[in-house]
Amino acid sequence: MLSRRILLPAAAALAVFVVLQTAISAELLNAYQITILTYACIFVTYALGLNVIYGYNGQFSLGHAAFYGIGAYASALVTKIVFQGNPLSFPLALAAGVATAAAIGYLIGLPILRLRSDYLGIATLGFGIMVKVLFDNADKVIPAMGGARGLTGIPKLTSFAWAFFAAAAAVILVRNLIYSSHGRAIVSVREDEIAADAMGINTTKYKTLAFVVGSGLAGLAGGLYAHLYVFLHPSNFDFLKSVDVLMVVVLGGLGSMTGTIIAAVGWVFLLEGLRIVLPQEFLDWRMVIYPLVMIIVMILRPRGLMGGIELGPLKPGKVVRRLKAALVPASGKEA
Amino acid sequence: TTSAVTPAAAPQATQAPKPAATAAPAAAGTGPAPKFAYKIGMVAPLTGDVKTFGESTKNGIDLMVAEANARGAKVTVVTADDKNDPTEGVNAANKLITQDGVKALVGSVSSKVSIPISDVAQSNKVIMITGTSTNPSVTVADGKRKDYVFRACFIDPFQGTVMAKFALDNLKAKKAAVLYDNSNDYTKGLAEFFRDGFKAGGGTINVFESYGKDDKDFSALLTKVAADKPDFLFLPDYYNKVNLIAAQARQVGIAAVFGGGDGWDSSDLDTKATEGGYFSNHYSPDDQGATVQNFVKNYKAKYNAVPDALAALAYDATTLLLTAAEKAGSDDPTKVRDAMAGLSGVQTVSGKITFDKNGDPTKAAVVLQIKGGKQTYVATVQP
Amino acid sequence: MAENVSSRSTVLATDGLTMYFGGLKAVQDVSVAVREGELVGIIGPNGAGKTTVFNLVTGIYKPTAGDIKLNGESITKLKPFEVTQRGVARTFQNIRLFPELTVLDNVRIAYHRNVHYGLLSAMVRWPSFNREEEQLTEKALDFLDVFGLADRHAEQAKNLPYGEQRRLEIARALATQPSLLLLDEPAAGMNPNEARRLMELINFIRERFHLSILLIEHQMRVVMGICERIYVMDFGELIAQGTPKEIQNNPKVIEAYLGKGVG
Amino acid sequence: MLLEVKDLQVAYGAISAVKGVSFGVDEGEIVTLIGANGAGKSTILKTISGIVRAKAGSVLFAGAEITQTAPHDVVKMGVCHVPEGRRIFANLTVRENLLMGAYTRSDGDAIKGNMERVFQRFPRLKERLSQPGGTLSGGEQQMLAMGRGLMASPKILLLDEPSMGLAPILVQQIFDIIQEINQSGTSILLVEQNANMALSVANRAYVLETGTISLSGPAAELRANAKVQEAYLGEAGALA
Amino acid sequence: MDLNAQIVYFLQQVINGIQLGSVYALIALGYTMVYGIVRLINFAHGDVFMVGAFAGFFAVSVLGLSFLPAIILAMIVSMVLGVTIERLAYRPLRRAPKIAALITAIGVSIFLEYFTSLNFVFGPNYRTFPRPFEVTSWNIGGVAISNILVIILGVSLFLVVALQLFVTRTKVGIAMRAVSFDHDAARLMGINVDTVISITFAIGSALAGAGGVLFAIAYPQVDPFMGIMPGLKAFVAAVLGGIGIIPGALLGSLIMGQAEVLTTGYVSSTLRDLVAFGILIIVLLVRPTGLLGKSGVEKV
């Protein structure tokens, strides 16, 4: 039981990794392709965070990029200032990104998660814009953050392997979370908050939990992003970036990890693919074609590519019933 | 598009810094023309809200390449869009270098894109030269020189300081106000260096305020400025923003003289609202020198538009690149780099360029005034 | 059944419960009590405030005045989930399942408060996780068995027919392991025959799970058939209480609620 | 026949809910459909009013084919469907809800008159005229839904479980009103769980079992039918 | 500054705030209207607004029309665009989850921005909007009030009243609200849901078109991306006031306007957005459905 649950997804992930890493080591892929693959993995992690918040917990967030940014800046500062670029510090830097994003997610989530649906969306949007303004002016407090000039000089520490294993870890953790009692509590809030409350679920706690987990994943993705593109600029974490990730999560299918993975990778590949396929004189059509593709996909699959569907190891475990003991009161108290 | 800046017809031609040199031959005349197949990449914002800057840049590059090829060069350009987004910029640069195999990059427009691209170029040992990115970090980051990276424009400190000196010395301004775009490092850089220069020179600045990139309403800021009654209002942004601010400023009755940087240089500048204002630039269209006149003439012939500063600098960046490549006699980036670093006194539209140790050009700035709806040469400021 | 009800301890007692919505008096000075093991009905015309009483007891609304005691302790200020954790479960007048989730998950969620494994051991699948998860799944299936829903455990709740949704809602409520169960019109939309079977089921679970039950219902067969005592509400106030017999013959109740035909 | 349903088949995706049902309602008749939960009663009504599309078969109203007609046009022809679960507009006041019932009508006086009649039948609604529909109690909402349906002065009223969740005294009233409406010339197709009451007011009845009609005939006859008694009426004397 | 100058300064800033707020209100009204009925954050609204502004631009600069015909033309163009978008991108998703339509709205928004910035459409340039009338301002005790302010505020107030009456007093207006709650139930009332939604989009988009022209007269520049920020701010203003509630859109907009302007005037413009969005969040925390939103205890 235990072995199958852990080993199966791990083996699948490992197989994909080995193939890609071999291709990279054998220089079958060029730097551009490697960057794109790495970025796709980062985007999976990033989008998965929003899927926990919105897809599973049903809390509409239009400010996810803020946590991506917070993670990115936090981890970049840690490597740059605290560890002066020492590559061994990378895990610590990533952890700092996760922790900062999760902590801020907790602080902001606690009050604003009381809001419902679109109102919550707008509040998170407002939060996102405020964070961007703070990034723009951060140099007044922490000169190293660079403000609108951007944060330079981050060592390039994110490799494909790092991004891949981070994404894989994120997927496994989210999967394990969702298919647990805590995960079901998270999902019940999405389904019907009043009913969840009436079932004894502390909805505030689970909304906050989902928000913290989602923010933490965004922070992890941000840390990886910072050490891949080695330059941070506030405009990378503005409102439109929150919209991008929302699109990816919805297109993949809310509450589907498989969908998020497919859509995140597909989104990165679509944008970059268009760059390659389009003839030189039609480069500015890229951003015209891309939204059209999104619209068409959405109309054809209104619940997203994988709405409600999971594949392979991401499927919920089968329920096996061992003893058929009908009419047995479940509580111990009757004894 | 009403205020045609027609340098040739400018009546103040006598004030031009240099008298007309020998009449310029036609397009195929002098200029770099590396005689080997040279594949270069262009990164520019071809989509998004600064697409118009990207197009000017593209036009400038394309014009230079076309001229060089007419002279017998074999330059091909591969273009990639960066959407004015750092991430996209890196992806675009990576694609050009590793997928298309370009040997040099020209671009991008904003520093926020050029900075990460410069790291890509440097680590791949590919030449990069940007026309318009003025942030010092493009060529030097954290004290480390990226030796494959160059630029054709002066950097923020220089331009901001030039205007501060000009306002103090030439305009005798005592009190200045500054409005800048908080999210744009170009305008922020100019604003801060202006402030520092102006204050160091004994001036006062009470209003040093920013706005957002998408703001259209400046009434609150301008009311603040009006209440302060400065002599000089520094607006170091691109012409499109300046148009809006200047018009609204006049509306609320601000009498100060306006000033700005090279972002003002465009035929789309609202010369009515900015009348009497001064801005620093890389060159004067009044310049009767062959390079300037040829460039303006050819540009107009090809694109039916007057070139703005972005186009001129992109053209210059390409000129410098091709000159170095011709000198190196090879498309090998390392050789081109060495040739580039050794360039001295190359005549470009924006003046005679020599690179300093940081890959930044040392060249003079000119100050122009909007007078009677036209750009008029006022002074040249040496670095 | 009703022999020494009065000697049993009081599970639920409301005291002067009052709820205003703006100017509207939905509930006015209502005091009801449910003793251990008792099955008590609340009836009354539509809009009398019955559901509001449930909402007050379960903490969904906060009363304008009055107090609610559960086993002698005030629960007036508790949040809904805390009320549930103290052993009060309910169903809703308009069924509120977790529609996109499976039948099994609906019940497993209700069982959540019995889960001991922490977040981390879930995330890394600690052995204790697997053990507990298996156990709770068994229990959940047991509950479903009681309601004849075990075979449909993999179905999405929203795809169940109406009657099964009602049963699932009761099963889910039971899975919170309550001592007091509040049922809001469980027989609504059932034909008399189905309603009768439901009655039997309610009686069965009451014994099986040692429950006290408070029931709102309009189908008199059900109410009169299984309730030991009945409260009658009208315009937010209690107008009568007593055994089914007493209620059926109470002229006030007949006038306000039952009408001439029933009785 | 005013309303005629022929060989109607309806499916939700792969689930087939109605499997070839034929019946009719004559001018001036009350016809009732009874059957267990999930038998397909509501589905039939929804197909008649056009919010669910038939897979096969046809629906005729006053001789005209309306199987593919848009719901709003069906309403205009004089078919009014009071849906199961009330479906009142929670965000609209009671008054606005009633006005929406008269959406297809433009005669102001007639609308006023209808509204007065609704208030006579359901005085409670008049008390709550400007209260948002969503805050009414379950029973009040049912009254509003009925009242709203009457606002259109339909030729035929399709009632889906009108007595659900109502106090006994109101159930009686509702059935009185149903008869009253019928006597003033409106045909009625009544879907009910409360088979006792439904059979007592109806002229004819059909028993639906998992998507097909298993029994039909005059209401009184079915009421006496042992099978019906056992399955739908519950044992007599359960009260005692 | 002496006291008198300070008072004048304050009043001038308040006037500035009213103008900015009124501009937001023009956009917010259409936004809130569409949201109120369709429950869709119509992200493309800001872009319809942009197309309206461009229509006005061409009407004035190419066709040489004067103010009134230009604004009417812009309203018609926007209306057609809005209804078309609804038809092609939102209607197919009528039965899908709301978020699907939100995503296509974002798609439409991106499409409109990038498509119109292609060179053969509007092109990427920032164009100066030729004002069809001159800006004049009256000086009242040192405080300048421009005719633009008067027009915009007047139009906003008029629209608030007109829309509110329309939605609460007319049959179509009530039908819109009925549709907003339950499509099928509305159908059973004889309401043609598609038509009602088309009317909603027609009105909302026409408002955006009018707003676009007025905006471009106030801040005389148009470009394909001009709709994003005003659209976003206006939407936030609508939420602040209570989304779906028409007077709330005006109230929220005026508050946003004052918040931005007074922060700029007395603190620092850098903090402007921080304060504006900070107010938004605080207001929502205190009143989770906006200032005029019904505090709705859900009936369980």
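Brief remarks follow.
Chains here go by letter, A, B, C, D and E, matching the order in which they are written, and residues are numbered from 1 within each.
To be clear about the criterion, a contact is a pair of C-beta atoms (placed from the backbone, for glycine too) under 8 Å apart; a residue touches a chain by one contact, two chains touch by 3 or more.
Since we're looking at a predicted model, the values are computed, not measured.
Shared contact partners of chain B and chain E, listed by label, are A.
At the far end from chain E, in terms of centres built from Cα atoms, lies C.
Comparing the centres of all chains, each the average of its CA atoms, the largest separation from chain A belongs to D. If you average the Cα atoms of chain C and of chain D, the two centres end up 30 Å apart. The distance from the centre of chain B to the centre of chain C, each centre being the mean of the chain's C-alpha atoms, comes to 74 Å. Inter-chain centre distance (chain D to chain E, centres taken as mean C-alpha positions): 43 Å. Work out the mean CA point of chain A and of chain D, and you get 49 Å between them. Touching of two or more other chains is recorded for residues 135 of chain D. Residue positions of chain C touching 2 or more other chains: 21, 51, 60, 92-93, 96. Shown for chain A are the residues in touch with two or more other chains, namely 133, 137, 194, 284, 287. Chain pairs that touch one another are A-B, A-C, A-E, B-E, C-D, C-E, D-E. Looking at the complex, you find that chain A touches chain C at residues 1-2, 5-6, 173, 176-177, 180-185, 187-188, 191-192, 194-203, 209, 308, 319, 321-323, 325-331, 333-334.
The part of chain C that touches chain A in the complex is made up of residues 58, 60, 79-81, 84-85, 89-90, 92, 96-101, 104-105, 108-113, 115, 117, 119, 122-125, 127, 129-130, 133-134, 136-143, 145-146, 150, 153-154, 172-173, 175-177, 208-210.
Every residue of chain E that touches chain A in the complex is listed here, in rising order: 35, 39, 41, 43, 89, 92-93, 95-97, 99-100, 102-104, 106-111, 114-115, 117-118, 232, 235-236, 239, 243, 270-271, 273-274, 277-278, 280-281, 284-285, 288-290, 298, 300.
Put simply, chain A touches chain E in their complex at residues 111-112, 114-116, 118-119, 121-123, 125-127, 129-130, 133-134, 137, 194, 239, 243, 246-247, 250-251, 254, 284-285, 287-288, 290-292, 294-295, 298-299, 302-304.
Across the complex, chain E meets chain B through its residues 1, 5, 9, 12-13, 16-17, 19-20, 23, 114, 117, 119, 123-126, 128, 135, 137, 144, 146, 215, 218-221, 223-226, 228-230, 260-262, 264-265, 268-270, 272-273.
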